[in-house]
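Look at the two complexes coming up: subunit A is in both, with subunit B in one and subunit C in the other.
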Partner chain A sequence: MALQILLNVILALCWMFLNNDPTAVGFITGYAMGLFSLFLLRRFFPRRFYVLNIWAIIMLLLIFIKELLLANLSVLKTILAPKLKNKPGIFAFKTDLKADWEITTLANLITLTPGTLVIDISDDRSILYIHAVDIDDAEKAIYDIRHSFEETIKEVSR
Partner chain B sequence: MIETAKIVIAVFILLGSLICLAASFGTLRLPDVYSRIHAASKGATLGIICVLLGVFFYFWFLHGIIAAKVLLGIVFVFLTSPVGAHLIARAAYNTGVKMEEKSVQDDYEGYRNFVIKKKEDSYL
Partner chain C sequence: MNKQQTNDVILQTVTKVACFIILLFSFHLFFAGHNNPGGGFIAGLMTSSSFVLLLLAYDLKTVKNILPINFIYVAATGLFISVCTGIGSFVFGAQFLSHAFGYFHLPLLGKTELATAVLFDTGVYLVVVGVTMTIIQTIGERE
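Presenting the complex of A and B:
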């Protein structure tokens, strides 16, 4: 992804030099032209067209914000209930993400999700230990983590 | 126009401070460290982000200044507060703070005992 972005910037610079137009408008035009030519040449790169990765990053950010809002609503519900009748507990979550930054992002996302908090990550980086405010919701939490967070993070690093 | 902007700013700042208030109630009401971290980390994050957004809009709409430092502050709070919560929870567990009696499940205990045993073995 970084290689394609660098290539795109270099193409934009070439466009600026060819047109003798050292302005921001010239750069943006060149960048758009470079984007188009990279799209045409996409089958020569080892990874896919990088705009898709950037789109996945934006989706990840939106999920982050949505989960933060939902988390606060559920915490408010727990706190302001007249009687605390939640059942806390720690459950293990097996992940198949490999790279360090992917696991860090997943852990941050989980901590900002409704009712879950990462306690520790096992030494071989395959199991996350997660504290849940209400263990009855843990099944749902596991399902959500698997199907929204993990998939999106995989999509970013594809 | 200015009036609408003022209402938006007021809503953001009031909402943020209410969320912070609720989070501090949570730290008082909940029984053990781990549940308290839940309330404190999530509530404080969103509360502070709302207040900072209100400040950003105030300077933008009423004074025409774009305060980029405030946006940077939002990003930093967003990134660092879950990490802080995780580290405090982990340190609490590893120094032997008990979870409350109502807790029903603890998968971590087995793993932790396994790690301690492995370390002891490797010292021999």
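Presenting the complex of A and C:
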């Protein structure tokens, strides 16, 4: 992905020199042209076309904002309830993310969405121990995390 | 033909960057065609020369995987576009192939002259790319 972005910037600079147009507009036009030629020869690279990765990052941000809103509402409900009915608990979440930044991102996303909190990560970095404020069904919580955050992070690093 | 397998690592690495620059230069030639030397024909040749560089650095099969295009269809599409721009002038009650231009305000580029000749040029460009690549690939396939 980094290689493709670098090549695209170099192509945009080439375009500016070819057209003798050292302006922002020239750069953007050249970037678009470079993007098109990268798209034309996208199978040339071992990784996939990098715009898809950037799209995945945007999707991750949107999902994060959505989960943040929903989870804050649910915590609000728990706090304002006249009687404390929530059942706190700790559950293990087995992840198959490998890279350090992937695990860190996943842990931060889980922590920042209220209601869940990453306590510890096992030594072999395969299990995240998560504390939940209100846990009816650990299976469901695991399923939710896997299908909202983990899949999207995988999509980013693909 | 059992040629000794050579290690083309330098050629292949340089090709990886160079073919993109050639491709970009061909786009530059294509758009320069109206007021400066350039145009659809030379841009098409330049684009196919970029693909030919790929063919030289890699083999025919790899390039077919990278560009899974039947170039005969590219030539046909180009011819179709060119004829359509010619016929399109009938819609406005003008003679065959008469072209028009106007000045438009595009969101980013500002005041730009858009001419229908560019559409015709696109057709020429595609025909040239299609024909050149078809010729080279057909010759290359024969043992």
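Basically, the second predicted complex is superposed on the first by the 156 of 158 C-alpha atoms of A that agree within 3 Å, B and C clash if a C-alpha of one lies under 4 Å from a C-alpha of the other, contacts with A are read in each partner's own complex, and residues count from 1 in each chain.
Following the convention adopted for this analysis, a residue touches a chain if its C-beta (ideal position, glycine included) is under 8 Å from a C-beta of that chain, and two chains touch if they have at least 3 such contacts.
Since this is a predicted model, take the numbers as computed values, not measurements.
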item	value
Clash or fit (per the criteria above) of subunit B with subunit C on subunit A	fit
Partner, of subunit C and subunit B, that touches more residues belonging to subunit A	B
Three-chain overlay, vertex subunit A: subunit B-subunit C angle, C-alpha, nearest 10 degrees	150
A:Phe91 touches, of subunit B and subunit C: first, second, both or neither?	first
Touched partner set for A:Gly34, first subunit B, second subunit C, both or neither	second
Contacts of A:Arg43 with subunit B and subunit C, given as first, second, both or neither	second
Contacts of A:Tyr129 with subunit B and subunit C, given as first, second, both or neither	first
Subunit B versus subunit C as contact partner of A:Ile63, first or second or both or neither	neither
Contacts of A:Val25 with subunit B and subunit C, given as first, second, both or neither	second
Touched partner set for A:Val9, first subunit B, second subunit C, both or neither	neither
Superposition-derived minimum Cα distance between subunit C and subunit B (Å)	22
Subunit C-contacting residues of subunit A that also contact subunit B	none
Interface residues, subunit A side, partner subunit B - complex	64, 68-69, 71-72, 75-76, 78-80, 84, 86-92, 107-108, 111-112, 115, 117-120, 122-123, 127, 129, 131, 133, 135
Touch list for subunit A against partner subunit C, complex	7, 10-11, 14-15, 18-19, 25, 28-30, 33-34, 36-38, 40-41, 43-44
Contacting residues of subunit B [partner subunit A, same complex]	19, 22-23, 25-26, 29-32, 34-35, 37-39, 41-43, 45-46, 78-79, 82-83, 85-86, 89-90, 93, 99-100, 102-109, 111-112, 115
Contacting residues of subunit C [partner subunit A, same complex]	16-17, 19-21, 23-25, 27-28, 54, 65-68, 108-110
